[in-house]
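Both complexes shown next keep chain A, but they swap its partner, so chain B is in the first and chain C is in the second.
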Partner chain A sequence: MKSKKRSYAQFLSLPALIIYAIFFVYPLLKGIGTSLTDWDGMSTPHFIGLDNFTAFFKDARAIHDIKTTLIFALASAVLLNVVGLIYALLMNSDFRGKGIARVIIYLPAIISPLIMGYIWYFLLQPGRGYLFYAAKQLGLPDLIGNWMGKYSSSMKVLVFVNVWQFAGMTMIIYLAGLQSIPSELIEAAKIDGAGNIQCFFKVTIPMLMPAIRINVITNIIGSLSVFDVIMSLTEGGPGYATESLSIYIMRMCYGSRTGYSTAVAMILFIIILIPVLISMRLTRQKS
Partner chain B sequence: MKEKTSLKIARGILVLLICIMCLVPFYILVVLALNSPSRVFYEGNLFRPDFFWGNFKTAWEKSKIGTAMINSAIITAGTLILTIVTGGLAGYAIARHGTKYNKFSFGIFIGCMMIPGIINTVPLYTLMRRINAVNTLWGMIMVCSALAMPSAVFIFTTFIKALPRELDDAAAIDGCNSVQIFWQIVFPIIKPATASFIILNGFGIWNNYAQAVFFLQSRKKHNIPQALSVFFQQFAGAKWHLMAATAIIAIIPVIVVFLVFQRQFIKGLSEGAIKG
Partner chain C sequence: MKKILATLLVACMLVGSFAGCGSKGDISAPDSAVPSGSNSDTQKNTSSNETKNVNLTFFTGKVETVDLIDSIIADYNAQSNGVKVEQEYQADASNIIKIKFASGEAPDVMTTYENEYVDQGKYLDLSDMNEWWDRLIPSMKDSCTDLNSGKQYRVCTNMTMAGFFYNKEIFDSLGLKVAKTWDEFESNLEAIKAAYPDVDPWFIFGEAWHLGHLIEFLPHGYIKAKYGAIAAKEAMLNNDSSILKWGDPNGAMCTFAKDLVELQQKNLINADVLTATSDNCIDAFVTGKCAMFSNGMWCLSSILEKDPGMADKIGFAPYPAFMDDGVPVVLVAEDSGYSISADSANIDAAKDFLSYLFNAENQKKYAESLGSPSAFKDVDANWAPESVVKGVNEAVESATNIGFTNEKPAGFSGDDAGRYVQDLLAGTYTPEQFAKAYEEAWNAGF
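For the complex of A and B:
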């Protein structure tokens, strides 16, 4: 009787699994097949082997998109962690208004990155944005310059906006990490004669390792699939210069190159798999 | 450990500057939204708006942002309810019955947890078209639920594993079946798990754009980001006062919810970070 009950109860996970299987796992597996075809979304697909993948690596735009995506992800991950950690160190003691400051710094992170991109577009647009007028009134009309016309300045602005928006998120996680370090540990190090800087690198940073790992991995994975902020701020421009792989996938799909766009998705998948596997490896080592 | 006063002041100034940096873009957005339509971009005073409130009325009417808000609310509520109920049941089954089948399903959820939605969006689009789910709110709810499901299953499994089994056994002796045990005994106890799931996923579902751009193309079914981007493209960069007013209308609900629940929110995020 009891074992029968058990066997029925174990299948309570079935509804969740069915939803997940249909709307996530099945398309993921199906995509592998589609990526090997010349399907345009309408007519009968033909098997073309790895042609989509070789076409991808021959396409200068695609290679450039990989570069853009990687630069954006790595620069964002590094800066988000450095800035978030600095914020957390500043906030890691009791002072008046701490609660309010934390809420204000976190606030940008809850807003849609698409909308945030538009807000910065109003501020920064060359020749028309708020900061352009501010600079003009200060007698520095060239301060903003035509940053949208160049790849390097466009990338800097995109990374800046992303870091500005999400530094509060990394800060919260570092704050939690800092607060979990027992103060006796730092006092003991000080008694042993360690200075502030030594204390930071020999005690604080090693104790923060779990928080650092979460932050670095989630930021890299999140930034590798960046979509919203680029769509609203540069639309991938100038030309296709700041186009990310996610945007490329969407545009190829709309361009009726369904087979090819799934192949690009598979390539992005493999790129994302690298940090995922590293994080799984590190978690396993921990336990 | 007493800090020097000069250090305290320096820190205070830095924190203040960071806060200002975080708020200034919002203030500029407000200034822009209150500019009179005749003003050319930012000619004139940069800090004092014209207080032209009519922009909000025009923006509301032209952008159809009200419909988009209702759609976003339905999608977010529907997704959260569906994932909490099914993900909670799954977490219960996995935590309490470590059978091969459940180990396998947990492995699938965790294994795919970090794969972002864009990877399978194109094949998913084909599937959605075949089952007539494109441009429907229920279709978008299913897509968002699938994306949030691993997080739900992971959080509920972890929380339920920490509960004593005696709880279930006592209820079973009283004649409850498994669904009743979950719903009447376990679910009320794991409210913190539900709260942290909502905190970690709610805003992301509300703000979803990468999927909405594929699955919510018809104007009546737009969610907020999709409605905003279409509205902005329509003006091709002109009429900033209307665009800014629409953006403000769009972000007000999110900011209100965040400010009301900020205490639970930041606590939930911090706890999630330590557990992870």
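For the complex of A and C:
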């Protein structure tokens, strides 16, 4: 009877299994195979072993792109969580227009990052962007600098736009976490003499740990594969200064180095896998 | 009941999943017997009766011609004997065609063309299509000729020119003449800056393709003018460093970089060079906020669309000589090229459609719509206002004509070159470092 039930369950899972195999397992295996070849996307591929992988670590542009991607991911993850938590704490308090404020903060998250990038591009263009004209009206024409034309400032712009867009999403998760903290706990801490700051660090933060964990990990994973916001704002420039690994993969693929680009995609897969494994381990420890 | 329903649903999903695995039905039955991958025309030739019910795919990346080509296709489909042409436009056509070739779904006719695809036998040899070649300007036939094989794998129906667009009113008000040397060019820019402090003497926009074109027309242009088209093409194809000298501190690349940085330091180019767009450039030119910019004829329609009154104010000049032994150059290159896939099962239909597209009446409409002179001798088109045509003709006659570099390494595109110029203008490189970095990237692209 039990084995009949199990067979039936296996039968029901078949469509999902087939879709998973077609759209994930097969491309992954095919990708691993391609990453070991010199395929240019057109002619017959030849097996070259691990040459693509060794070439990657000798490529200064690729190493620079790893650094850019990691800086973007870590800065975004930290700021997204700090800003998201501040938003959540504000939205958890009582004030008029809270509902509208929540919608306004969350709204950018439902717009495509590509569109958001172009909007910010036209806002920030030095000498001709909308913010420049607004600042000029206020008698501050030098307020908007050439931020997208320099590496140090263009990276800050990218992180800012990413945080501005997705802080609302982080806020929602924190808000859910805050609202699940029993008010009795806070009241008990206050009766024991804890101040607001002590309550926040000794009660609220520990109780928010599951939400912090989810937010940090998902933000890092999302930011490591960043593509669209960079393409629309800086196109990876000036030069290759803000080029992420995802953009590098795309450019190599269309630059007749398909085998190599697949190898880089495998490396990016491993880089993203690290926070995923840490997340899984932390979740298991918790349970 | 629930169990039965679940079982039926799962069964339906499984059937649905496998339905997609079936082979594609052959739409053009008469051609299905033709072996794929063969270049032999005789194997694929079908009589006019057999071209019935042929679906022909036409692939293009030229957004500006989509509507016109659609109307020509509609006329062709109405009169053709069962051949139905369908146009597919893709903004990223040069990349998407690669996927189509790789997946064996190459279109029958395409406007995309790359040397590496010629080497891989992806295009049909069109050398015997004398009915087309006899009508074409000889220099355009040369531009369509593959250097390695001496054969033609595409037909270019139009020409395009690139040089400096300048505001004749500003030039006339200051009594400036078109510069032949870089010193004259720089003194023109300085005069404009002194007389009109709010005008950018030379507007450069930061899009990679545009900055790549500066390399294409100036340092590459110098090589092409100095050694001649064929020798320069061979040097690029064989990466002959004794001619190219990209990394040489006294070479064309380093001199170009030094000149550009000097102009930037003197504020003779716009301050927002790295973030300005091509639209910003057209706006600045039309509103008199820039005196000149480098571009090709393809931007003419945008200028006239914004302000038809600009027709009499547009001047066109060659690129000045920036090397001691250089000469002024102007790009006169092939435009609107058409190729047929070597693997096409509808070769006769494809040739028939192209013959229709190439007839004088259609080409007159095409040249006037595109704003680009026709490469056919029997097409008399008013492709631009008379004053512009006169200025362009004078520029073309006064300078050495150069073509595009189709022989650059596959792994180093024009956009890649432009990104190095971005780095130069952002201050990442000195001119010497820029030249060295360019040389390394060029070599690595082979």
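Following the convention adopted for this analysis, the second predicted complex is superposed on the first by the 278 of 287 C-alpha atoms of A that agree within 3 Å, B and C clash if a C-alpha of one lies under 4 Å from a C-alpha of the other, contacts with A are read in each partner's own complex, and residues count from 1 in each chain.
By definition in this document, a residue touches a chain if its C-beta (ideal position, glycine included) is under 8 Å from a C-beta of that chain, and two chains touch if they have at least 3 such contacts.
Here the structure is a predicted model, which means the values were calculated and not measured.
Of the two partner chains placed around the shared chain by superposition, chain B and chain C are both touched by A:R128.
Which of chain B and chain C touches more residues of chain A: that partner is B. In the superposition on chain A, A:N92 makes contact with neither chain B nor chain C.
Of the two partner chains placed by superposition, only chain B is touched by A:S180; chain C is not.
By the document's definition of touching, neither partner reaches A:S153: not chain B, not chain C. In the superposition on chain A, A:L12 makes contact with both chain B and chain C.
In the superposed pair of complexes, A:G239 makes contact with chain C only, with no contact to chain B. In the superposition on chain A, A:G41 makes contact with both chain B and chain C. Residue overlap on chain A between its contacts with chain B in one complex and with chain C in the other: 8, 11-12, 15, 19, 22, 41, 125, 128. By the touch criterion given at the top, residues 1, 3, 8, 11-12, 14-15, 18-19, 21-23, 25-26, 28-29, 31-32, 41-43, 46, 82-83, 85-87, 89-94, 96-97, 99, 101-102, 105, 108-109, 112, 114-127, 142-143, 145-147, 149-150, 152-153, 172, 177-179, 182, 203, 206-207, 209-210, 213-214, 224-225, 228-229, 232, 237, 240, 243-244, 247, 250-251, 254-255, 258-259, 262, 266, 269-271, 273-274, 276 of chain B touch chain A in their complex. Interface residues of chain A facing chain B in the complex, by the touch rule stated above, are 5-6, 8-13, 15-17, 19-28, 30-31, 34, 41, 87, 90-91, 93, 95, 97, 100-108, 110-115, 118-120, 122-123, 125, 128-130, 132-134, 137, 164, 168-169, 172-173, 175-177, 179-180, 183, 187, 210-211, 214, 221-222, 224-225, 227-228, 231-232, 246, 249-250, 253, 258, 261-262, 265-266, 268-269, 272, 276, 279. Of all the residues in chain A, the ones that touch chain C in their complex are 8, 11-12, 14-15, 18-19, 22, 40-43, 121, 125-128, 146, 148-151, 235-241, 254-257. Residues of chain C touching chain A in their complex: 3, 6-7, 10, 13-14, 17, 95, 98-99, 101-102, 116-117, 120, 122, 206, 208, 271-276, 280, 410-413, 416, 419-420, 422-423, 425-426, 428, 445.
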